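Both complexes below contain chain A, partnered by chain B and then by chain C.
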Partner chain A sequence: MFIEIIEVIISGLLNGSVYALMAIGLALVYGVTKAFNFAYGSFYTMGGYFAWTLLVSLGVKGGYYTVFLTAIPFLFVVGFFLEKVLISPLRKRSDWQMKAMMLTLGLSLFLDIGYIATFGPRLKSLPDIVEGTIDIGPFAFMNQDIVIFILSITGLLCFAWVLNNTRVGMAVQAVAQNPIGAQIVGIPKDRVFAATFAISTIMVGIGGILLSQKNFVNPQASTGIMIKAWVITAFGGMGSIKGSLYAALIIGMLEAFVGYYLGMIHIEVAVLTLLLITLAFRPQGLMGRE
Partner chain B sequence: MNTKSMVTILGVTYGFIGILPLFIGDSSILMRILTMILIWSVVASCWDLIMGYAGIFSFGQVAFYVIGAYSSAILSVSLGVSPILSIFLAGIITAAIGVIIGLPCLKLAGPYIALVTFAFQLALEPFLKGPLGKAIGSGGSRGIISVPPIHFFGMNFSSSELVPFFYFAFVLTLICSAVIVVILKSHWGTAFLALKDSEDFAASLGVSAFKYKLLVFGITSFITGLFGAIYVHYVGILSTRMLSMEVFTVLLIMIVVGGIGQYPGVVLGAVFTVTANELLRPMGIYRLLIMGGLVVVVVLLLPDGVTGLIKKISDLRLRKKERHPVEMRGSGEMKESGETQGSTL
Partner chain C sequence: MLKVKNVTKKFGELTAVNDLSFDVSKGQVFGIAGPNGAGKSTLYNLITGFYKFDGTIEFDGKNISGLPTHKIARLGISRTFQIPQIFESMTVQESVNLGCRFGNTGKYDPGYSDKMISFASLEKVRGNKTDQLNLLGKKRLMIAAAMATKPKILMVDEPMAGLNALEIKQMTSLIKRINQDVNITVIIIEHFMKVLTELANPILVIENGTEICIGSPKEITSNPEVIACYLGDSHDA
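The block that comes next holds the complex of A and B.
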């Protein structure tokens, strides 16, 4: 009984850490560009398929090192150009937020069906990043879980460092606070928008590579991931990175416990209920500002 | 758009659709397409009303449609209610659920509403398939089969008799479209627009956001539920497949092609989308690929849809006409009357 609970907690912690990575990417892109990205989950699947193509289909040398080294520039370029070509022309209009939502929704369907058309409807499995287990007392930890946890936390720390210590990060923060003011002091606003979109694409894509090892690469997973990332951002408080981190861990735990005790089918209902209760009593989220 | 051109476009479109069965009544494929055009045009119009006019990013339209379909099916199959009554009860049930969903949305900012309503749609499928759904008679993942057809005045209205059903749907479509036009042109429609443009300013003028937002949720979900209900009595079977992304995207294309907040445009969008969807059906999975790509391209190139395009063309023609002296006199009079109005104020 006790051991089971510990295992459920570990699984929740693991999912929660990757969710945090993805949710913070979404909080960033919404906070800065104010564009509601419905295609966010499709980039998660894109990360999974990218890793699958390199590792299984092409069988490149270097395993996951090569995957991460190529995935980051690849996802950056994809995100940057999609923002430049699709989202930024819409910004001239007054109702562009609604247009952006509809466009990304279409893009999401296009990408998801595109994956099925290219790779087939079957689930793809990725090789484990590392093999084996570690025994500590009565508990057996999978090395893979530990590495995924460490990598996603490292990703978060890297992101926090970039945001607070580099010129790009400060430019992003300035645009988030006041786009016009940022433009007046000479920050290239449009490029910052595109870069932010690209950074969020990297974060969710890496999340896809990490979690797809455990959950398979599934062309139909995108919508669920997008909703989950949104629920976490809304629950934690828009624009609060600390809030998103806690919210991601709480939702990861909730999912693990609900899935273990009540069955997988109730996860979505439980997550939605949590969201509705939070928004009804605290519309700004756990740690969001008024 | 003024009332006259709104009614003209609606009248011409529905009038054309209305006389088509006289010529193609024998072809069951074409009749099915025509019937679906009617149903979807009203559902998409409701979405346009709530999103384009009231400015609420409600993404729960498909969910309301499915709730209407399930309520009517459960009422008529499990409880034996006559379909003609259960259709209206389904509308009322959907309206009640719409208001309940609308309540938390009152406090939320735009994208949060999209999130809540979209998540509501996603949670509906596990609910209907799960034990709770089975308890109320949703039939689980098997769905509901053998939903009875609508029966009154000694006539059956179902998929076996396409022309009578078409005219039944046609009458309902005309009534609901008239209701939508009346709402848009009454002070309700003005209040919706005011709330969309600036909620604070509208509130300062005494427009109650609470009342009008709940009202728009109630009205649109009532009509959507009603049409979901007549759809289920038309096809006779129902499963959670209606909640797929495909249905959602098809509905999205109608509103994108027709133009958001350009009311009769969405009806033209429905005509185009349902026809295109049927024409592309032999292409298998590539049909959805094309549909998804279409949304992206249309939003980028035609932000106001077909209506925007028509407006642009008629603007060009007006500009050409302005070069004629006769037309110049007309615009001069306009200016004069504008000035006198200004002085009296």
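The block that comes next holds the complex of A and C.
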């Protein structure tokens, strides 16, 4: 019994770490721009297809090392470019956040249909990042899960480091807290918006690479990922990075326990029940501001 | 140093600033007065790039019309707001550091940041979160963060609003020191005429976005049009 509980907790931590990597990007964009990015899930799928193209279609050397080294600049450029071309012009208009939400919803549909048109409707499988299992005492772990966990935590630590120790990170924090105040101390708000969009695209795209090698590359995965990221962000508090981190770990853990004790079919019901109860009593989420 | 030429700003049918022209010379404390809704803060927003407008604004011989706010700040025009625009989750030190990091030179000089914290008398609260400061502290912080960008012109918007008599004295002294000790040109919007006439010369008075008169404190306070539209019969506001 004790061993089973420990295994469930470890499973929850694994889920939570990847969820955190993906949901924090969404929280970051909302925290800075106050606009919700409905295309977020489609960048998850983009990460998966990017890895599949390099590893399977082109068969590049270096395996996942090459994938991660090229995915980061690729996803940054895609995010930055899309923000500059599609979203930035909207900011000159009134009620631009609502228009941005509509536009990103359209972008999501466009990308998802584009994936089917380009890669076909069938699921694609990626090679395992590592194979085999490792036994530690009475516990058996899949090496693949350990690598996903380590890479997710590394991604989160890199994000925290960038946010707290770099010029870009300082600018992002300043714009998130007070865009007017940020501009008068010389911070280029529009460039920060684009950089934020690009950083969030990297985070969810990397999440897509990590999970697609476990769950297949699915052209219709974006809706599920978008809902999951939104649930975590709303539960943690819209725009709160710390709240999203805690929410991701709590939801990861809840999913693991409900899946083990009640069955997989009850996971979504349990997660959404937790969200509704939280929002009923605390509409701003765990750590959001009213 | 700053030339505002025939500047007009309309919001739909409303003309907030109407064909306004004036010059601010280096070293001046230039005052702007007028009743509520006269267009004073809108004028600040035009100079600092928050709105597009008709006309021209030149700073140090360069046309800055249409430049974004952060570029104008980096050129050397910084400002404060009537309602303090603070970074709530940051400390005083971190907020002032932002000015040093992204301001005029764009190079981070921690020594200069510390100097501005001392200048604004914020040493004792440098580690405090900014939302823990009282109103005077928040106004001092905005000035310190703006000064950290090494501006040539500092524009302060209603710095005395909400302060008590002692705090007004302290704020008045701070603004004098900015102009006299650091040699920064100051533009000040202020309703409190006693303070404005003590600090500023010349003073521009506007109503409905239009200039009523510009002149020394004595000229302003004796101008019949200013008395009629703004100061009232006993002008002790």
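In this section, the second predicted complex is superposed on the first by the 271 of 290 C-alpha atoms of A that agree within 3 Å, B and C clash if a C-alpha of one lies under 4 Å from a C-alpha of the other, contacts with A are read in each partner's own complex, and residues count from 1 in each chain.
Note that a residue touches a chain if its C-beta (ideal position, glycine included) is under 8 Å from a C-beta of that chain, and two chains touch if they have at least 3 such contacts.
Nothing here was measured: the structure is a model prediction, and the numbers come from that model.
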- Go through the superposed model and pick first if A:F36 touches only chain B, second if only chain C, both, or neither. first
- Which partner does A:I241 reach: the first (chain B), the second (chain C), both, or neither? neither
- Does chain A have more residues touched by chain B or by chain C? B
- Message: Quick one: is A:H266 in contact with chain B, with chain C, with both, or with neither? Answer first, second, both or neither.
- Response: first
- In the superposed arrangement, does A:G186 touch chain B (first), chain C (second), both or neither? second
- Once the structures are superposed on A, label A:A27 by its partner contacts, choosing first (chain B), second (chain C), both or neither. neither
- Message: Under the definition above, what is the set of chain A residues touching chain B in their complex?
- Response: 30, 36, 86, 89-90, 93, 95, 97-99, 101-103, 105-114, 116-117, 223-224, 227, 230-231, 234, 265-266, 268-269, 271-272, 275-276, 279-280, 283
- Query: Which of the residues in chain C come into contact with chain A in the complex?
  - Reply: 48, 68-71, 73-74, 78-79, 81, 85-90, 97-99, 101-104, 106, 142, 145-146, 148-149
- Counting only contacts in the complex, chain A reaches chain C at residues 167, 170-171, 173-174, 177-178, 180-190
- Query: chain A touches which residues of chain B in the complex?
  - Reply: 51, 57, 104, 107-108, 110-112, 114-116, 118-120, 122-123, 126-127, 129-130, 245, 249, 252-253, 255-256, 260-261, 285-286, 288-289, 291-296, 299-300, 303
